[in-house]
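Two complexes come next, and they have one chain in common, chain A, joined by chain B in the first and chain C in the second.
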Partner chain A sequence: MISLAGRDILHAWGKFVFTGIGLGLLIGVTLTMAGVYRGMVDDARVLLDNSGADLWVVQQDTLGPYAESSSLYDDTWRRILGMDGVARAANITYLTMQVRRVAGQDPRDVRAMVVGVVPGGPGEPGQPGYLVAGRQITRGHYEAVADMASGFALGDRIRIRRNEYRVVGLSRRMVSSGGDPMVFIPLKDAQEAQFFKDNDAIVRQRARTAANPALNRPEVLQAVLASQSVNPFVNAVLVQIKPGFDPEAVAEPIRRWQRLTVYTRAQMEEILVAKLIATSARQIGMFLVILAIVSAAIVAFIIYTLTLGKIREIAVLKLIGTRNRTIAAMILQQALGLGLIGFVVGKVAATFWAPIFPKYVLLEPGDAARGFAAVMVICVLASVLAIRAALEVDPAEAIGG
Partner chain B sequence: MRHDQGIRIEGLKKRYGAGDTAVDALKGVNMEVAPGEVVGLIGPSGSGKSTLLKCLGAVIEPSAGRMTLGGQVIYEDAWKLPDLRALRRDKIGFVFQAPYLIPFLDVTDNVALLPMLAGRPNNESRKRALELLDALDVGHRARAMPAQLSGGEQQRVAIARALVNRPPVILADEPTAPLDSERALTVIRILEEMAGQFATAIIVVTHDEKIIPTFKRIYTIRDGRTHEEAGEGRSVEGVKAQP
Partner chain C sequence: MRKFLSTKGRSLALIGVLLPLLGLFVYVALRSGPLAPVPVTVATVAEQAIAPALFGIGTVEARYTYKIGPTIAGRVKSVAVQVGDHVQAGQVLGEMDPVDLDDRIGALAAAQMRARANVLAAEAQLEDGAARRRYAETQAQRYEKLLEARSISVEAAEAKRQERQIAEAGYQAMRANLDAARQELLRSRAERAGLIRQRANLDLLAPVAGLVSVRAADPGTTVVAGQAVVEVIDPASVWINVRFDQLRAAGLKAGLTAQVVPRSLAEQSLAGRVSRVEPVADAVTEESLAKVVFDVLPEPLPPVGELAEVTVALPALPVRPVVGNASVRRLGNQIGVWVVTADALAFRPVKLGASDLDGRVQVLEGLKAGERVVVYSQRALAAGSRFKVVDSLPGVAP
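Moving on, here comes the complex of A and B:
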């Protein structure tokens, strides 16, 4: 026996290929949407991996530092370092803002997550672990390590708030959970940038402080003004624990005695994936559902029209003794063939355009396999209508009146 | 004359619908066609020709009577076979006014499809199809698609399809209607040859004045009843020669 479906597809290949390409682009978009979600989850994991921390110590009762704002005094780390099982503890600040390249190649504005780290080199929690070019920050001021995704190059000068920084190193895959590239600068500079007020605001604040009779005493006023012009806060303390210690066992005493909130790696991942990306994930889920429905409608429509165009031939096939099963299989195989063409086109398209997307798109083979299964199921469902129409054809129609 | 092979129809009735709107399309049809014989079936529009072919072709169920095909009673007040689909596939060849070839199969596979459907291997089916196509003078177009053939060539392919399973019966419904008289007569000659060669009983429903003189026997159907007449029985060449 020959494949009726295969022959029909070869005969009407133009129709199948063009519909397949249209369907394929839709499937490509679907795969890419899934890839965007996977990319977000992966960005979150990479963020946690690259921070090199086992525990995140944040302001009490906050989900900081990524999902909510959190501030701690910048000497908190000393007390944490004294706790049992803690190997290293380091201050860190995060601030998402526009970073401008002022010298180097053409000026450009990049949305980046500015990370304040204690200069000290790799191994310290929070440091960029692996550089593709250049070196780590060694000086206490005005040096930066930028992620490649920012487009900055070694030697570029970039402006963050009032200060200019020289790019001395380049990292890879160091991005925020939102996909913004990271720019590492020394902690002190970052604290200043976070606290930064313009001159007018400083003048006004001084005037208000001086206007307060309780403070306007010579010995007090200078001290108050001095305390107002520094930022003693950081967003979190990253902790590495000693080998052989259980993260939860180290975290618990810090929670109890330092009255701070501490997250382990698993809890942090839960916050990032389940809370921070949850809405985006539902958004993407909605898109996936709509795209699936649209794909199904397209396949159903095409297969139905192709079948209606063959009613006469189907009547003849039935008259000369073709089984209903054979005719149903022909239509089903055509739908599956269309799905197959669509899936191949979609997979190729997604693979081709994924790197062009500004955010990380992670195409997982598992998603492709699930996508393929979904396409096939959709094609089967979509062919039901056409199969029903074909089975209702009366072989007597072939003889005519 | 009585035939155990061929076609035998006795007292066949067909009523469409029921109650006030019922139509008695066949009111008692008697017909006999011997193996190797080509008979004409003529009658005015609405007289029941197509209805008779549909009953014989087992696509609609008669209301009463008896039909025998190739020595086998297929209907006697009810279908006598469980699988009408297999009956159509193995025992009956159909030729229609239009060829109704499958547009996505080439000429060979259009013909070979029937033995394939019956479960014969592909190469055997194609071999049989090619033999028939050669016999019908369209062997040189074996690899063409139906749309690339002339009307007469398509009709010959359709005849090859009807013959390929060596059915004892061929039912042709106005097979020459779209053809000019030269080609129409060629089709009749082919049917006559095939009937002789394969001992097939052939019924040709027609309005076509050009071919009516070629039948030796003609059944006229009027108002749901058949009447047998002797035809002129002239040779195709003889009719062709006459202006």
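Moving on, here comes the complex of A and C:
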């Protein structure tokens, strides 16, 4: 038995293939949009993964350090280290700013999240877990590990506020919840970058202090000025807990006795996904929904018009006594074939253009499977309409008009 | 027949389009997403001796700073030097206002002259007293003889005896008067000498040869006792107060060689050595402190207070297996490296030793030379990850 659908496709294979490719590009856009949405959520998750923390200790009653600003004294981590179930604790600062490349082929600035980490051993909370080039920070000052997405190369000199840093290592997928690449620098430098004022402000502050007669006395003035330029703050303390401990059970005593706010991984994810990126994610999500509906409609119309274009041939088939089932199967098979080609083209296209996007696009296999199922269902539904139209056709049309 | 051929041709064309598409799809499905192998680069563990180094930052400071100011409160009359002047030991740097000190010295000079005149007067009086005493003495002796010859009355003799006693007492009083006048002269002389000393103390003198670093007060300024008017530093004593993070200060000791890069000189490095490690560390910043001196003093001298980066070289360590710090990962609660054997990837916990500033770490236990370990990876690795060894990771310039 020969396949009627196959014969028909062969009859106008160019039209069939190009329709499929056009459809595929549309499906590719839809899959990419899903990838953009997943990428946003993944950026938020990967931020939590990369910090390597089980608990985040932040200023009391804040949603810090990512969603709100938070500041703690930089000796808080010692007290936390003494709590039951805490394996490691590390200070960390986060500051989103423009980072400028000063030496290199093209001086440019990049929006980046500057992370201040204690240059300790590997695997300490806050440190980049793996690198793609270079090495981890070894000096206590003026070295940086930048994310690949920043476009910086090994050996570049970058300027962060007052100081220049040499890029000694490159990381990958170390981004903030907004998708900005991270730049890791030693904690003391980061504290200075975040809390130390610029020179003009310092000079004016000195003048203001000197203008106060209560402070402007020999010896006293120097002491006051010195105390004004200290910055013993960090944004959060990252805590890793000992194996076998429940995060919540470790967090509770810190909340109660250290009078600090502590978030577990689940709570932090809730803050990031449900609060921080909620509106922008919903925005993309809304667009995705509309795009999916539009795609579905277009797929349906294409299949419907494709069938209507063959209405004469179908009438001839009916005239020569072809069974309705055979005609319906032909249309259905063609629709599914079109959907299959469309999906394959879409998936391939999305995979190839996804890395070009400036922000991360995550194409999940689950999304692809769901997309495939949706395409097939739409094709089936669309072919039902087309089959109805085909079966209602009068065989007389084959000879008439 | 012709139709069959054309059908065959169309089939071939269709297959020609669809097959590559399918191939591409399979490739995409296998090469991206969770099924794709993780590209990794590997390195062979080598036995190497590493020379660790310590990195710290510090400020240029003068070892000796001389703060020169008055010992009593007063007003600055003149300051003879400016910041940057080289001064010699004993050079007058400035002067405090003496107020009435000169007048008082003048008054004491007059008082001294008067005291000297008083001494002369007292000496003359003493001469007079001595003459009176001698006369009274002879009179009294003569009357004694006349009394023995009974040519005068007892009363007359008694009167002469009394005159002699009066003359004697007068003489003694005049001598005491002369002593007092002499002491008065001494007193006024000493008092004047003291005031002249005080006057000299108002001069601000350089205790050593050095460089004027601060001119804290200008003429007319009132300063309290002990407040510095001029500060002098000894340029030969310039050194760097370096702070080392306590996490990375092991092995710091006096005598080690150091490379100093002052902030203003950027890439230019100066040789120096650790002069001493401070016995007291900074408890607030958690840093150990050390003083680093230059082997040869740079000319011009870096300004006091300038920031400098200091790298202290530690002695080389014995040869051991060495890996880059990018190889060292944490899996769960263990620190280790991913060892590549044939086609398998295994996490090996290791014990790490010293490291140097180039990121090389000694492996004390767990790894032998010649084994291959993962250096860089495209994604975080897990046991059983599919992997592919590449020369350099995609997107990274080799």
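As a working rule, the second predicted complex is superposed on the first by the 352 of 401 C-alpha atoms of A that agree within 3 Å, B and C clash if a C-alpha of one lies under 4 Å from a C-alpha of the other, contacts with A are read in each partner's own complex, and residues count from 1 in each chain.
Please note the rule applied: contacts are C-beta pairs under 8 Å (C-beta built on N, C-alpha and C of every residue); 3 or more make two chains touch, one makes a residue touch a chain.
Keep in mind the model is a prediction, meaning the values are calculated, not measured.
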Exercise for the section: Name the contact category of A:Ala87: first (chain B only), second (chain C only), both, or neither. Expected result: second
Handout entry: First, second, both or neither for A:Asp394, with chain B first and chain C second
Key = first
Practice task
Could you figure out whether chain B or chain C reaches more residues of chain A?
Solution key: C
Problem - Which superposed partner A:Thr138 touches (first chain B, second chain C, both, neither) - result: second
Practice task
Would you sort A:Val168 into first (chain B), second (chain C), both or neither based on which partner it touches?
Solution key: second
Problem - Which superposed partner A:Ser176 touches (first chain B, second chain C, both, neither) - result: neither
Exercise for the section: For A:Ile320, decide between first (touching chain B), second (touching chain C), both and neither. Expected result: first
Practice task
Classify the contacts of A:Leu10 with the two partner chains as first (chain B alone), second (chain C alone), both, or neither.
Solution key: both
Exercise for the section: For A:Thr307, select first, second, both or neither according to whether it touches chain B, chain C, the two together, or no partner. Expected result: neither
Practice task
Across the two complexes, find the residues of chain A that touch chain B and also touch chain C.
Solution key: 7, 10-11
Exercise for the section: Spell out the residues on chain A that touch chain C in their complex, using ranges where they run on. Expected result: 7, 9-11, 13, 17, 52, 87, 118-123, 129-136, 138-142, 148, 153-154, 168-170, 172-173, 188, 218, 232, 242-243, 341, 344-345, 347-348, 351-352, 363-365
Completion exercise
Contacts from chain B onto chain A in the complex sit at residues 50, 53-54, 57, 59-60, 85-86, 88-90, 94, 96-97, 100, 102-105, 109, 113-114, 116-119, 122, 145, 161, 173
Problem - chain C to chain A touching residues, read off their complex - result: 7, 10-11, 13-14, 17-18, 21-22, 24-25, 28-29, 32-35, 55-57, 224, 227, 244-245, 247-248, 284-285, 309, 324-326, 328-330, 332-333, 335, 352, 355-359, 376-381, 392-393, 395-397
Fill in the blank from the handout: In the complex, chain A touches chain B at residues 1-2, 4, 7-8, 10-12, 312-313, 316-323, 326, 394-396, 398-401
